[in-house]
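Handing you a structure now.
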Amino acid sequence: MKTLLDVKNVSKRYGQETLALSNVNFSVNEGEFVSIIGPSGAGKSTLLRCINRMIDATDGEIHFENEDILKYNKREMRRLRTKVGMIFQHYNLVNRLSVIENVLHGRLGYKSTIAGILGLYSEEEKRQAIKLLGLLGLEEQVYKRCDQLSGGQKQRVGIARALIQDPKILLCDEPIASLDPNASKIIMDYLQTVSKTMGITVIVNLHQVDVALNYSDRIIGVSKGQIVYDGYPKDITTNQIHSIYGSEAGDLMIDLGGRNAG
Amino acid sequence: TSTSKESSASSGTTETKSKTETSKPAGPITIVWYPNESGSDLADARDALGEIVTNATGLEVVHRTTTDYNIAIETIASGNADLAFMGPIGYIEANKKNSAVLPMVVPSGQSGTVDDALYHAWLGVKKENAESYKNGSDFSIENIQGKKMSFVSTSSASGFVVPGNSIVGYFSQKEQWKDLIAEDLLEGGSNMFFSEVAYGNSHQGSLVNLLMNRSDIAAFCDSCVNNYIEHVDGEENRPGAVYRIRDDADEPLNGFPGEEFTIISVTPVLNAPFVVNTNNLNADMIEKIIVGFTSDEVANNPSVFVPKDSEFKGLFSKRADERFVRVEDAWFNPLRDLQ
Amino acid sequence: MQDKFFLKKRLKSSIILFVVLLVTYGAIIMTEFSLIKGLASIPKAFEWGVTNFFPTTKSLERLPNILNKLFETILVSIGATTVAAIFALAFAIMGSATTRVNSFLSGMARGFATLFRNIDIAVWSMILLFTFGQSALTGFFALFFVSFGFLTRAFIEVIDEASGSSVEALQATGAPYLTTIFQSVIPASLPMMLSWVLFVAETNIRSATLIGILTGTGIGFAFDLYYKSMNYNAASLVVIVIVLTILLIEYISNYVRRVIL
Amino acid sequence: MEQYLSKPIKVKKLTKATLVIRATLLSLLLITIYGFYFYDYKGINIIEAGLATLANFKIMFTEAHFNHFTFTEGVYVATVTLSLAVLTTLFGAIIALFLGLLAAQNLSTPAVANAVKSVVAVVRAVPTVLWVLIFAIAAGLGSVAAVVGMTFHSVSYLVKAYSESFEELDEGVIEALRASGASWWQIVFQAVIPSTMSYLISWTFLRFEINFGVAIAMGAAAAAGGIGFELFMASAFYYDIRELGTITYFVLFIAIMLEVIATKIKSKLRTTH
Amino acid sequence: MKTLLDVKNVSKRYGQETLALSNVNFSVNEGEFVSIIGPSGAGKSTLLRCINRMIDATDGEIHFENEDILKYNKREMRRLRTKVGMIFQHYNLVNRLSVIENVLHGRLGYKSTIAGILGLYSEEEKRQAIKLLGLLGLEEQVYKRCDQLSGGQKQRVGIARALIQDPKILLCDEPIASLDPNASKIIMDYLQTVSKTMGITVIVNLHQVDVALNYSDRIIGVSKGQIVYDGYPKDITTNQIHSIYGSEAGDLMIDLGGRNAG
């Protein structure tokens, strides 16, 4: 399988004090579904944002489709970003615009500046947007303003916006943190489908270890800015999970797994 | 007379309202100045006049300068200032608001008496256009209707009120303009008396308007522009007189050396008085101030009446026997009747 | 540690308070200001205002003329504001920390705005009068420059406030710079901007009192005429007309804000 | 979903908000265009006059000189003007802070908020020179008249700016404190003011700068002194464009200083408590 | 056991269209641990917020300690709120203030207005705040500004703020939605301890059905503004869960439960 993304010796420092990432190495194949787990503040969000250069790594190299994206100029960076969809922890929608407009924003990277300014979208794009919204259970919200949505609904708009980009890779920063189990499953299933059938690579930051274990081809465990686990879900041991979270056995929510409803 | 009364004080300058003999300020005497005299370059001139008051009364003097005519007028009328040096129209307004505001002295003319305590409101036009303002062989205001006019400001005696009234007086004889009032001159327009009206905000400014062709005719006063011009032709201070901007003219007329203009109308205006709010100062003290002002000593003070060749930038110039002379309110009646 | 934190915080507040008081004291000394006198003067001021500033039936005769002038003023004010807003938008986008291209252009834009804001209206009057004379254009430009300076600054604040995270999202889709601006910054900040534009239009109508002196047109000129000729009754009528106009604009502005925000 | 896909899809649904925005923008534009037809140009050649203006500007800034006052005098009078602005801003800010809280929709009741906003609008509508005139008569010429007169406008401006900043505040923060039983004043001082501090600083300094500009003219009118006299004389009496340049440099220097201080304070606020 | 809270026929309407709650009835005993589950937009948040009168119910009665709180005047309402701690979905912290200051905000309801304005807290209160922060694993963040924290850290500050109120009841609106499993467990355990040992009643909105089932004494299922389930966790059937979420079997994340790590 072809390597899509190759992260080499990447470090990221915020100011003087915080070393959010230190010497991170991993690579991701095309179509792979990778979950990044780790405690709060471990650097998961930072890592994702380095990949599409929303922030610039302090050190190291990041190869995407065999090109070192840290060397990209502005124009190339923009092209890179059309290929990288991103889903944010805090939605990052333009609250004052309608749902469909926010979704269509995902197409802006493909447009000439002038078409983008005027918001000229093709019929095809609009249809695609509505289709995606339908898939995410938002058909009734298409023309609502985003600030009238509940948290869960907002996140789904964000996901639709990323999917309409037709990305090679999806970076998802806790995409289901604010969703109910129903929608969570739909989203995760959809992400999985996308990854499996369309060959889109997916990298997901997750707090729900069980979800990560269920969906991923691979798990990357991050702790204090370093990768402490990189392997298949089936190989991961409870001890390893505990070491990722720096916790004692029995201290994790996932330890409860198994005992279940009715 | 008695200086012992000074101790029976009222507080400050503002609150004294009674007209009793005993009321007089213990603190400093406040003089308010018109915008024309408020510049920092005239600070020494103001101090020179303030000194007269101090010498006469033994009280300290505070100068209040303002850039707003109304504020100056309201200040003396409301008693927030004790003395003021103000234009005759301003005085009439202040007196109308508060009859306790009364004139003390005016600077005299060259004769040293009140008879020629006058200056003149001129209407000037550019020399090259002067011919069109002739009615027969004489210069006249007959043809000014429909032209572009420049006044000084609406509250200026020689820059608006006096010439405005003579214009109204002249044209209201005619059938077409029989309802003309001074206020109609304030603004230009196709259906108004003038086609355009500009304001110079100073006499020099009005003259500048003329020289820059922003107006066809400009109103300004003779003594206000005296320093900048020299007489060229015709009888001085009469219609038809031609003046030229001096080559060494100061700002703002330094840009127009050698330009010439012709006077088409001359109207006398009463000199500006020093006035007092008699609510604030008692008769004794006022008398002392008047005596101080009208003394020979002051008349010969080169900081007050500035000799022609002096470097000092003062308010009044000395050519012959200029001095301060006492005036009564009634002296302003001719001007008051104009309004 | 814990005590030190709260102590330090309190100490800092005290120092700030002290500095403010010190500056105030200095200012009071410099200007010979008396707070007591100021407070005491307020009732008297209102008494004088009320007894002098009221329109009489005679002054009502001037109403048609005043309204005519008001119309001119509204045209100039809104015209200048609108044109200024267009320029200000461009400069604000250049100047805002969220949307700037680089810090050099940003500094330039901010500097330009500061320059225009701080050239006194009297300076404009003089410079423009020299060249444009007492025409409507003088008023237009004087208002334009000051509005431009102010709106640029206001827009910069609005953009910084309104559009942080969504700009990031659009950048992440690879949207070009201008597209990001028009699809995210402008929709997010348009209501606030519009609100400021209306505010400036309103301010400009009020500034017309200053502008009137320069231009010889508009309601400000009427005020100036009546004020200088001490016809306070007519001047008060002008003020009332201005107040009503501004209240009307304020009402429209509030309505618009309520609907669009 | 079919309901959307059958016919061409509209991206923008015309809501009342978009309609109002468009109507407002359109009216502004139409009025502007109509205005350009309507203006009395008095036969001025705009290009020529514009070039002449630029030339004057060049003279003003490149040939600035001292003529009627010296540098030290300039510094002194500028400080006086600055002091007037300091007092006006300070009083304005204190009063406006309280009125601003009352005028903010999310902190006050609609009736009170609208009442405060209306009063403030009336105050703002009265020309500054009138306020100063009235106080010059009531308090006598001097700094009192200038400062009190100018404070009225300062207050009305800041009330608007402050209350809008307060209204921008995240409702959740207020809610959280309300949910813990905090009283209105406690919420104001513990949440509202800390959260909006950087906006408050911004607006206050912007008003400071405006007040400085107003103090130039009004300080001179009310006999409180300051650089306004030099400006008045240079522009209305001497027509000395070069000296205007000098005065403008003074004003600009102070304005830039203010902006630098404001930026410093704000960036400090961004990182410290 | 004594009834602490009694919700009777409560309805809540937003504007004309949205009926967020319709005729809700339930009561909660002292010390009980109740989880509210249901799909996004079901009205869970609305319900919680009616209880401490952050929003006013349109109809019905809410009795707290046998008093109808809907009749309370302002003063009584403030007193009520000191007894009701609340934890928010979106943290709702004052970002510009330090962590400890935000925690101490929980004490404002007990203070005189002036002490609150000046932020005068007693030594005891500060010590308590630090103790709580320690418990929540934030001892190193005590003096940091809240906007420098990660999402998870912020939420923990919010929880500390509620706990310092010394409440009779805790209302938690998705308190662990943004927390990693480690912290989630700590929080949920802590909530449970609070409920068990101190007799504080806890009502939690949750999206994680398994967590709800594990911790709660009782489950309330809400759907479309109505209570569709009210009973013990052990009694709930998978079908009932599906009916709460209006989903088909197999469509829910929780259906994955049971399969777990190593």
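Think of it as A, B, C, D and E in the order they're written, each chain with its own count starting at 1.
One rule holds in what follows: a residue touches a chain if its C-beta (ideal position, glycine included) is under 8 Å from a C-beta of that chain, and two chains touch if they have at least 3 such contacts.
None of the values given here were measured: they were computed from a predicted structure.
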Shared chain contacts [chain B and chain C, defined touch]: D
Most extensive contact between chains (C-beta pair count): C-D
Between chain C and chain D, centroid-to-centroid distance (C-alpha), Å: 5
Chain centre separation (chain A, chain D; CA means) in Å: 44
Whole-Å gap between the CA centroids of chain B and chain D: 38
Touching two or more other chains - residue numbers and ranges from chain C: 48, 133-134, 190-191, 227
Sequence positions of chain A contacting 2 or more other chains: 90, 101, 119
Residue list for chain B, restricted to those that touch at least two other chains: 70, 78, 196, 201
Chains touching one another, given as label pairs in label order: A-C, A-D, A-E, B-C, B-D, C-D, C-E, D-E
In the complex, chain C residues that touch chain B: 48, 133-134, 213, 216, 221, 225, 227-230
Chain C-facing residues of chain D, complex: 16-17, 20-21, 24-25, 28-29, 31-32, 34-36, 38-42, 44, 46, 49-50, 52-53, 56-57, 60, 79-80, 82-84, 86-87, 90, 117-118, 121-122, 124-127, 129-130, 134-135, 137-139, 142-148, 160, 164, 168, 199, 202, 206, 209, 213, 216-217, 224-225, 231-232, 235-236, 239, 241, 244, 247-248, 251-252, 255-256, 259, 273
Touching residues on chain D, where the partner in the complex is chain E: 170, 172-173, 175-183, 185-186, 188-191, 194-195, 197, 269, 271-273
Interfacial residue positions of chain E with respect to chain A in the complex: 38-41, 45, 89-90, 150-153, 174, 177-186, 188, 207-211, 213-214, 235-241, 245-247, 251-262
Chain D-touching residues of chain C, taken from the complex the two chains share: 9, 20, 23-24, 26-28, 30-34, 37-38, 40-42, 44-49, 53, 72, 74-76, 78-79, 81-83, 110, 114-115, 117-123, 125-128, 130-137, 140-141, 153, 157, 161, 190-192, 194-195, 197-199, 201-203, 206, 209, 217, 223, 227, 239, 242-243, 245-247, 250, 254-256, 259-260
